[in-house]
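The two complexes that follow have chain A in common; it is paired with chain B in the first and with chain C in the second.
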Partner chain A sequence: MEKIIGEPKKAFMTGNETVAWACLAAGADIMFGYPITPQNEVMHYWTRLAPKYNRNFLQTEDELSAGFTTCGAVQAGKKAFTATAGPGNVLMQEPFGMAEAMRLPVLSIIQQRGGPSSGTVVYSQQEVTLTTYGGNGEGHRIVYSTATHQEVYDYVIKGFNTAWKYRFPTFVLGDGYQAKMREPLEMYDPQDKGIEIIQPYPLIGIPGKIGEDREPQHLCNIYSLEEELYEVVMRVSAEYESISPEIVEFQARNCEDADIIIISHGVVSRAADDAVKILRAQGIKAGYFRPITLRPFPQQQLREVITQSGAKYLLIAESAYGQLERLIKQEIYGETVEIETLFMPGVGIIDFDIIKKVKSII
Partner chain B sequence: MSLIRIALAGEGGQGVQAVAEILTEAAYNENQQTIYIPNFGLEQRGGVSIAFIQFSDQRIGAPKFNKADVVIALSGRAIGRTAGYSDENTLFVYDSGFDFDKEDLPKEAKKIIAIPAVDTANRVLHPKVFNMIIMGAVIGLTKVVSFEAAKEALEHKLAYKFETNPDLRELNIKAMEIGKQMAEKSLQEEVDNNG
Partner chain C sequence: MEMLAPATPKSWYLPTKPHKFCPGCGHGITLKALGEAIDELGIQQETIFGCDIGCSLLAWNFFACDSTQTHHGRTTPVMVGIKRARPELITIGYMGDGGGYSIGSQHLLNSAVRNEKVTLILVNNTNYGMTGGQMAPTTLPGQITETSPYGRDPETTGYPTRGPEFIAELTPEGAYVARATVSKYKQLKRLIRNAIRNQMEGNGFSFVEVLSTCPTNWRTNANQTWNFLEEKMEQYFPVGEIKSPLGKGDK
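This part shows the complex of A and B:
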């Protein structure tokens, strides 16, 4: 693997620039993209960096095409990625569905903006449903929701590995704040952190005679018989469920004796973390739980936290009107803990908002 | 230094985002924790542009905030747009060089002061370096970074311009110095008036 960064070094940059550097360090071959705010600078920085490192870029005519060309490139054995947001994410659901159907190791970076429709170009957490369960399939995807530039860097590198290891479409779910803000992070070459990068491999045109030297490759997104499709979806579902335990990631802090557990994801978890510290200092027993993977969801871990703490309340805080809440409710069905919500669709949430809400509950 | 939150707002093209970039770069170089997030709209040009900046010695949480320690509004429209970020602990600064509706000023503020940055830029220096006066003023008002660190970050950002036109460097630094003095003087006058 080519070394890009050299000695691990500190940097101060935007999240979009961080994405471009992480893709470079992870050994990405090519980006396909179509401009949309707040993702544009991923493309801008990538096009600036790519030629220097012999990587490629193609701007397509729209997001459908950007998604499908990414699907094509990974079949040819290229480590390919795309990045989009908002309405672009909507359009990409069709290629993402194909990636689910054909088990294509596509990595996509989503920088959520306000919705519905063109909404705002600024920020939201309103693409959770779309990114986890969009398309006409079963949500066989892996979705990492990042909170800091360091995580953006770490999970882009990890995301490529996850995609190529498990062959489920993988997403790094950021947002307009993370895309546009500047904050410090450490950049590194994965090999210097003991991270083994999975090399891409072609899925089509592979040598050997079918039936003698190798099994046939079934890269199929349409079936003649309903029974055929049923079998495939059931098999893929079982496989997705069996690998989920090794993929799920979460953070839990101060939950052991908590009366109220604040659940948030992505950039909002930074405010939740601060809120819990302040509440604890005031003698209020608040806990912090954050799913890092929204798909698969850390269901078991959240159930355990609820049971062990004996918490009376969950407070779900998100910059959307219940998209995280719906995910959580389906995952913890049957738990009797009371669920309270702080929905602020399309706007940022700060520690003050959460503290105020907690005090109105307890 | 505990957390300091600054909202810097002006007309698109006035260079407030450049000021935020240079200040946070300087803070980062001084090993502070810092976050800067631009408020960006649909406009390619014009419109009110706001930079949300935070400095701290500890890890910073949410990238945005509801109330700022310092608000700096650099146009009539920017005053109305940013008044909501002011509360009883906020130092609210606006430029005295334009007309605005007094009703737009914040209802709550620790202090409200006016500085003649636009006028000074136009009369004494050059309209182009207006934003460097503001940067100097931010340093004078808040001491979030040292003057030296800001100069270095400025150098880093504009080295390519200074190379072809060394006079620009001097002009920019002069503007920063004037801004810093302007801010310190305003704070002093405030103290004298209240004293």
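This part shows the complex of A and C:
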């Protein structure tokens, strides 16, 4: 595969620029996009870089089209991606639903903005429910929630591989801060880190002569009978569940003896990490747990952490009004640990906010 | 007495025949013309057929061509995505008037403006057939449907969309735009073939609207069905090539 970066090198750039470079390095062929803040610069950088590396871009008429053209391109066997936010993410739930139904390896970068509706163009964690369980389906998707630009780079590369290996639509869930901030990171070509890039392959327009070597491909997402659909959904569910243990990722620190475990995801986890360090220095037994995959959720791992620590409290901190909390509650149903919350919808959370909340609980 | 089997196009997928369209429906005629056009152009192996939701979706496994079925109105962007990714493939999108002119109109309009190198065939039967006969953008003034039970009133619901006419205005030279009817088979096949040839030659966006019949929802007998098509529809929607970069005299 073509080397883009050469020797691994340090960079200082915005998250959106990071996405564009990571897509190049991962071997993405084409991006379909539609302007919406705060993801615009993904397109800005991609349109500048793509022609130099013989890659393609199409600015579509809306996000429905960006999603469906991406679906078409992956069916044709190309590594295609899109990026969106907020109301654009809402519109894209329709093509994402098709990607779920037809097992299309679509990679989407979501840079969360404030909601509902137009909300703000700045930041939030309010697209968790939409990105994990949006659409008229069962949430058969893989969602990585990144916290740093290094992770944005790493997980965009990994996201393409996950999508093409397992053929479930895959998401890198960032936010306006991660999109617009500048931060240091190391860029690299995946092969230099021993990462094997999974090659795309077509689902239609495949080799072999129809009628002689093979049957025609007839892809569909609609069924005449209830039972036919039932079979498909049950089969896909079973497959999703069987691969979930290989996909699940999380971080846990200082949980072994914790009285209170702070759970957060994405950029908020950086504040939680700092808060735990400060609280520990003050003699408060705080722990840190962060799901990196929101779908599938590290359910078993979180249950084990709760059980092993014997913690009295979980504190769920998020820049939304309970979207992460609902995910956690459904995953750890039956646990008796007390759940406290710090909901700051649409605004950033810093270590001080979490420390103050912890001290009001303990 | 021995039954004489009608000739079927080579590009049809025989295990799914007879097809599932209602008796008297024009889809079968349109898809026969499309199948014969694919055969004559010798493109069965490189054709990607895509269909919409609505009655057109019943064509999802109609051809012995690689095929994909999409959502209502979204066949256009899926075909565009395939063509942009693999320009060597010949992409043929198939949809109804609701999918093309209503729920997917932004895709049709903008792909026409961008002169996307795809071929789209839109079947106009003046109503939403699959969902039970509601008013469509193409429903004629005064026509009774389930959502215009007293007849379509242009004062409150506007006049029928003349798709090829607006697409011709939007597209640059190189685009192919035509309207055919299932009542004139030879012309129907020729216009469809031209619309595919135009994509093969890389000239531009290629669009054919096909006037079609829906006796099930029109609640018409054979005579009434054909009269409505030939007298009413063909009067409001003029048939023929509107725009063609292909040489004259092509038969």
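Following the convention adopted for this analysis, the second predicted complex is superposed on the first by the 351 of 362 C-alpha atoms of A that agree within 3 Å, B and C clash if a C-alpha of one lies under 4 Å from a C-alpha of the other, contacts with A are read in each partner's own complex, and residues count from 1 in each chain.
Keep this in mind: a residue touches a chain if its C-beta (ideal position, glycine included) is under 8 Å from a C-beta of that chain, and two chains touch if they have at least 3 such contacts.
Everything numeric here is computed off the predicted structure, so don't read it as measured data.
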Original post:
Touching A:349 in the superposition: chain B (first), chain C (second), both, neither?
Top reply: first
**OP:** For A:204, select first, second, both or neither according to whether it touches chain B, chain C, the two together, or no partner.
**Re:** second
**OP:** Applying the touch criterion given at the start, work out whether A:335 contacts chain B, chain C, both or neither, answering first, second, both or neither.
**Re:** neither
Original post:
A:239 contacts which: chain B (first), chain C (second), both, neither?
Top reply: neither
Original post:
Just chain B (first), just chain C (second), both, or neither: which does A:274 touch?
Top reply: first
Subject >> Doubly contacted chain A residues - partners chain C and chain B >> reply: none
**OP:** Would you tell me which residues of chain B are touching chain A in their complex?
**Re:** 21, 24-25, 28, 33-42, 60-66
Subject >> chain A partner contacts - residues on chain C that touch it in the complex >> reply: 13, 44-46, 48, 50, 53, 57, 60-61, 63-71, 74, 77-86, 89, 106-107, 109-111
Subject >> Of all residues in chain A, those that touch chain B in their complex >> reply: 12, 37-38, 121-122, 177, 180-184, 267-268, 270-271, 273-274, 348-353
Subject >> Of chain A, residues touching chain C in the complex >> reply: 29-30, 32, 56, 58, 60-62, 64-65, 67-73, 75-78, 80, 94-95, 98, 102, 202-206, 209-211, 216-222
